[in-house]
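Data block below; observations after.
A, B, C, D, E and F label the chains in the order they appear, each numbered from 1.
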Amino acid sequence: MAENPNTLLVVSAHAGDFVWRAGGAIAAATMRGERAVVVCLSFGERGESASQWLAGKPLDEIKAIRREEAEAAASALGAEIEFLDLGDYPLVESEQAVAKLVDVCRRVQPTVVLTHPLADPYNGDHPAAARMALQARVLAQAIGVANSDGSFPTKDDIIGAPPVFFFEPHQPEQSDFKPNVLLDITDAFPLKRKAMECLPAQKHMWEYYTQLAIRRGVQVKRNAGPNLGLPHDTMGEAYVRYFPQVTGVLQ
Amino acid sequence: MAENPNTLLVVSAHAGDFVWRAGGAIAAATMRGERAVVVCLSFGERGESASQWLAGKPLDEIKAIRREEAEAAASALGAEIEFLDLGDYPLVESEQAVAKLVDVCRRVQPTVVLTHPLADPYNGDHPAAARMALQARVLAQAIGVANSDGSFPTKDDIIGAPPVFFFEPHQPEQSDFKPNVLLDITDAFPLKRKAMECLPAQKHMWEYYTQLAIRRGVQVKRNAGPNLGLPHDTMGEAYVRYFPQVTGVLQ
Amino acid sequence: MAENPNTLLVVSAHAGDFVWRAGGAIAAATMRGERAVVVCLSFGERGESASQWLAGKPLDEIKAIRREEAEAAASALGAEIEFLDLGDYPLVESEQAVAKLVDVCRRVQPTVVLTHPLADPYNGDHPAAARMALQARVLAQAIGVANSDGSFPTKDDIIGAPPVFFFEPHQPEQSDFKPNVLLDITDAFPLKRKAMECLPAQKHMWEYYTQLAIRRGVQVKRNAGPNLGLPHDTMGEAYVRYFPQVTGVLQ
Amino acid sequence: MAENPNTLLVVSAHAGDFVWRAGGAIAAATMRGERAVVVCLSFGERGESASQWLAGKPLDEIKAIRREEAEAAASALGAEIEFLDLGDYPLVESEQAVAKLVDVCRRVQPTVVLTHPLADPYNGDHPAAARMALQARVLAQAIGVANSDGSFPTKDDIIGAPPVFFFEPHQPEQSDFKPNVLLDITDAFPLKRKAMECLPAQKHMWEYYTQLAIRRGVQVKRNAGPNLGLPHDTMGEAYVRYFPQVTGVLQ
Amino acid sequence: MAENPNTLLVVSAHAGDFVWRAGGAIAAATMRGERAVVVCLSFGERGESASQWLAGKPLDEIKAIRREEAEAAASALGAEIEFLDLGDYPLVESEQAVAKLVDVCRRVQPTVVLTHPLADPYNGDHPAAARMALQARVLAQAIGVANSDGSFPTKDDIIGAPPVFFFEPHQPEQSDFKPNVLLDITDAFPLKRKAMECLPAQKHMWEYYTQLAIRRGVQVKRNAGPNLGLPHDTMGEAYVRYFPQVTGVLQ
Amino acid sequence: MAENPNTLLVVSAHAGDFVWRAGGAIAAATMRGERAVVVCLSFGERGESASQWLAGKPLDEIKAIRREEAEAAASALGAEIEFLDLGDYPLVESEQAVAKLVDVCRRVQPTVVLTHPLADPYNGDHPAAARMALQARVLAQAIGVANSDGSFPTKDDIIGAPPVFFFEPHQPEQSDFKPNVLLDITDAFPLKRKAMECLPAQKHMWEYYTQLAIRRGVQVKRNAGPNLGLPHDTMGEAYVRYFPQVTGVLQ
């Protein structure tokens, strides 16, 4: 920590999202010695657990299974994980849920935030999570905003203005997702694959998201140009940077 | 060069554009020991020299004045400059003009390209310059595209896929210019100011673009957040990155 | 039903919307022997009943009048109709209202859904209805989402992924309504006209929407091309398809 | 009033917004003898009072200070001011808050409405204020919509359809703010400056917004063309007209 | 002229466009005593004269017929008309054609310019005309731009920066035409109708564009609000203002 | 022909584009007994033949190789093919090139047209091909537009208004490609694969575009919903319909 003060905060609507969509970025961060914290707003217990409902399992058991899988996946990525258990399908936005996210932001002090993009015609929970994450990131910057229990002054320091990146939705074009950052995850991909394999109920997704990493890797190479000498098997993840990049060098 | 292989190529429709819009980026590059090459497609002899026409000067003299001023400004920024003398108002797009830019690209081997944005309702030469720059950058990557004189094989190596940044137009909102990169030019600003002062006919612009640098500097600080400890007098320039950023780290 | 399993579900913010905006599509469906079900989220009792308020009628009477008119119009179109009575001006979005729509979706098993577009600067109830309809359509697909009374398992089967079409708002350009489907309603128009005439308080709209059908009919012919030999008096309705069309043939 | 029946209504999320963003338009209106009414939805007590929280002041005192400053600024502009005290950071949208704004609209009978634009990634209170203002403006037109206390008939007349203008956010491009109206505030600027100086805690903003007025003034001149003979020191404010302009003359 | 120095310049791709799309604005201007000049870039001899080609008429005769009709229509509107005879289907953009339009701009000294919008998937000549009109308007402002015959100095004064309005295309939504100005043409409509009747080959359009004027008139009333007391039979035309409006009053 | 009058016209900038991007649609059409005609505007001899230039082959030989490969691929798909040999990198738009495409349109009488989308930051030839194809499709509808050799009357009948579909570019999101039609090519895929294998120089693309077909197939299934019972291994291609769909049934 002393050597690398960077901290990645990942706000995920359901328990599996962070693996498919941002597993490479998370693993790359922890491999660099950075801290990564995943916050799952729900377990995806209603909307993304069809096979378990079909098997007649009760709600609590489904939530427990999803939690266990997500913990294993986070562990494989070297990340911490916590759950707000706000319910899904629908994930309902509320002042109180945002306030809890404000607490998390101040406790974790992220230097980078990852979350869902703001549009997804196939799943309203994803934009709801994004709206709450964005609002919490702003509120957590204000010294006048109290803790979620109403107490004051704030338990933790206010935060700065960490950049926000939206990770890739399942149907990118339909979600108006036009990547402006392509992340090279070649070295991190084995950990991402390992994390995906912690989610056995969605085994058909392992290959799907491996192929997506290959396709985004082709774009990494194409946009970097031949001069950079990236290897043939470059793997990638796509992101949308929400706020302007601040930099001292155009490159 | 051996120490810093980066080379900035700036494609400017008229002789003054690169100063107001990208002077900070150019100076910052040369201060880092990088090479910067400005290509002026025209001198701005018809569209941006009203006072000289009013003074009754002939075309050739106007072009000579504009060339001299631009050379002085480039020199102040530490940059090389060349002129394609394609005429302005209108700057006419042609296959031959693009071919000359392909030659330049291959000779210069840019690692970064700066040019105008693709829309400007107030000045059609700016988007025309941008379209030609973008097309030349693509053609210069193809080994099958000949030199501008039709000879073959190519005199210089083909280029890679350097990133392209659009610099700020005079009326950004009207030109659909939504910056996604804010460049900190605090250290480079004195050179930019010096270069602006090489353009005496537009003295009222010196202050205008100093104020713009202050305003963009406020945004640099706001988007970086308080944590980065940027100084009170941070100066900035705004850019639009055209292709996705390729990176190994989200930050 | 056995011969034609298709079912059209129309989600309408107020009691009259489905007539002006989708009457042709509804009549065309029922004329093909399909089932059509209209759900009115409110009666339009506050926002679209000015003449009755001016006449000093009480709320309940206004609602009763509007219900009766809507039932007559639905009957003219060959459609069933039901009312959720959620109130209008404003139509307030709520988890409970969406849950009731989920019940409807599962009970009706629509193969096509029609609703308002997502923007309307003149009437916030319309986008609110659309957001609820879209959310209900997604939730109704999930086996883990309970009935609106909280009971479980679901009374009716979950639904598939029926296509959604937005019907035309009163000021299309201002509502960012760019039709990508033009429906030929020539044969269905007499029923639509008959349904419009069930709404006597808005008599001036009869001619307005007849003329709109003529104008959209001109576009049907123009976009179909002369080869299809459409008749001179082709009548049309305009729609926006929200999800991509799935097809085996490009045509 | 009899001579000039125009009334400007300004809906401001926080206590200072109307000064920086619309002070020129307000002063210009009152200088023409028109009425101007500012409604502050909150005092900006949590999100825009960092120095006072740092000084350890309690909430009530902060609100009182902000109120006093806003009243002084409004007075400098010749405007009336009222406060709904809905809380900020977050400013929570609610049916009741909108109903209160409906009351205000009917009482004030605005001929023009100013408010925030619908997007602002840096401050969610601004779009929330805009959405409530727009909704209230629509509801206030309907005779069937009751007073905010539920009583009926309405205490004041319903309103017409006043045009709405969005004033400029702090980071215009990031807020998708593309001005389509440039207001000449040259004569009104001294009053705007005086109003700004009523907000001592944000002294660094006085110069910032003076410079913005100069920059927008340059655009006023550039878009008006040289023929209009506007003075060198023209000052401006930028606006987005939300509904189409209705006019008898194109000019 | 002395009483009313305003001059309307209408740049029309084909001989009939100005009648259907801007006849109301033209007549309203001439009824106010202003000058209106129509420039037809072509006669529409190939693309909009199908019935005459079917009748086997030769090109020159078709052009003569179209010219005569357009002259009659312009006369009915009280406007002057001239023809550049650049050919249609396709209307080819060229430096020389733009130079001729520069001459026209300087000779006519327009205070307002009307032309086609920049997109029309159904007719490429329309955007081509718009691009040339916009470019000519910019070039005509520059003292260094020569006459179209290359001579210098310019025969007429350079122009200012007249506002530009795009008139309505045949399929507005498909052409991304979102009106931001609604023009009340109630008083001018009889002249517009008279002008339409000068185009006998397109008799079916008379009623079509009368109905469009009614529909746009409904929007004039709706956007003006009931307070303005516009008559029941208000007629309208829709426009898109291309540059920001410059004004001293928000209204 | 008598049995199935449909004819697909595919306008391809380079010799290989139609295979990767539309091979499934072409094969599906010919498998239904329809005619498919591919027009290659160039051979892709400069921009897409790097390995052959590296091998030192002369231009004519490269063109011959590309032609042969494209003929084999077309044959595998059951399609006819012709070449306009307009040159590539850049593919230059010209009136004469468009006129030749008008001839093709009238000779082939397409009922459906496929071409590139209008934006592609990585390859300017693609949008140039699309612009020419769209313009030719419009001009070919006009009886007054002559043959490409200037002769008159037209050798073939004018065409109707066939729908246009844009096929998928290599980097869809960067090219603003938001599919609104998903084509099920499961049955046609073996032919597409066979056609891909006719292009040995781009062997690495075979697997890439096979994986893309799988990914688009997943979206076919997701958007169709489970009710349609599509097989697990559904393959797809994505398209953008440019003009509104004309239909008698919403489905």
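Please note the rule applied: a contact is a pair of C-beta atoms (placed from the backbone, for glycine too) under 8 Å apart; a residue touches a chain by one contact, two chains touch by 3 or more.
Note that this is a predicted model, so its numbers are computed, not measured.
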- Message: Once the contact rule is applied, which chains count as partners of both subunit A and subunit E?
- Response: B, C, D, F
- Message: Among A-F, C-F or A-D, where does the C-D interface recur, judging by over half of the contact pairs matching in residue number?
- Response: A-D
- Comparing B-D against C-F, which pair counts more contacting C-beta pairs? C-F
- Message: Taking each chain's centre as the mean of its C-alpha atoms, which one ends up farthest from the centre of subunit E?
- Response: A
- Between subunit B and subunit C, tell me the centre distance in angstrom, where each centre is the average of that chain's C-alpha atoms. 53
- Note on the structure: When centres are defined as mean Cα positions, the distance from subunit A to subunit C in whole Å is 37
- What positions in subunit D touch 2 or more of the other chains? 122, 174, 179, 219, 222, 238, 243-244
- Chain-chain contacts as defined at top: A-B, A-C, A-D, A-F, B-D, B-E, B-F, C-D, C-E, C-F, D-E, E-F
- Which residues, counting only subunit B, touch subunit E once they are in their complex? 45-47, 49-50, 53-54, 59, 62, 89-90, 92, 121-124, 174
- In their shared complex, subunit F is touched by residues of subunit A numbered 122, 170-174, 176-179, 208, 211-212, 214-215, 218-219, 222, 238
- Query: Quick one: in the complex, what on subunit E touches subunit D?
  - Reply: 6, 8, 25, 28-29, 32, 111-112, 114, 141, 159-163, 165, 179-184, 219-220, 222-228, 238-239, 241, 243-251
- Partner subunit E, residues of subunit F touching it in the complex: 95, 98, 134-135, 138-139, 142-145, 242-244
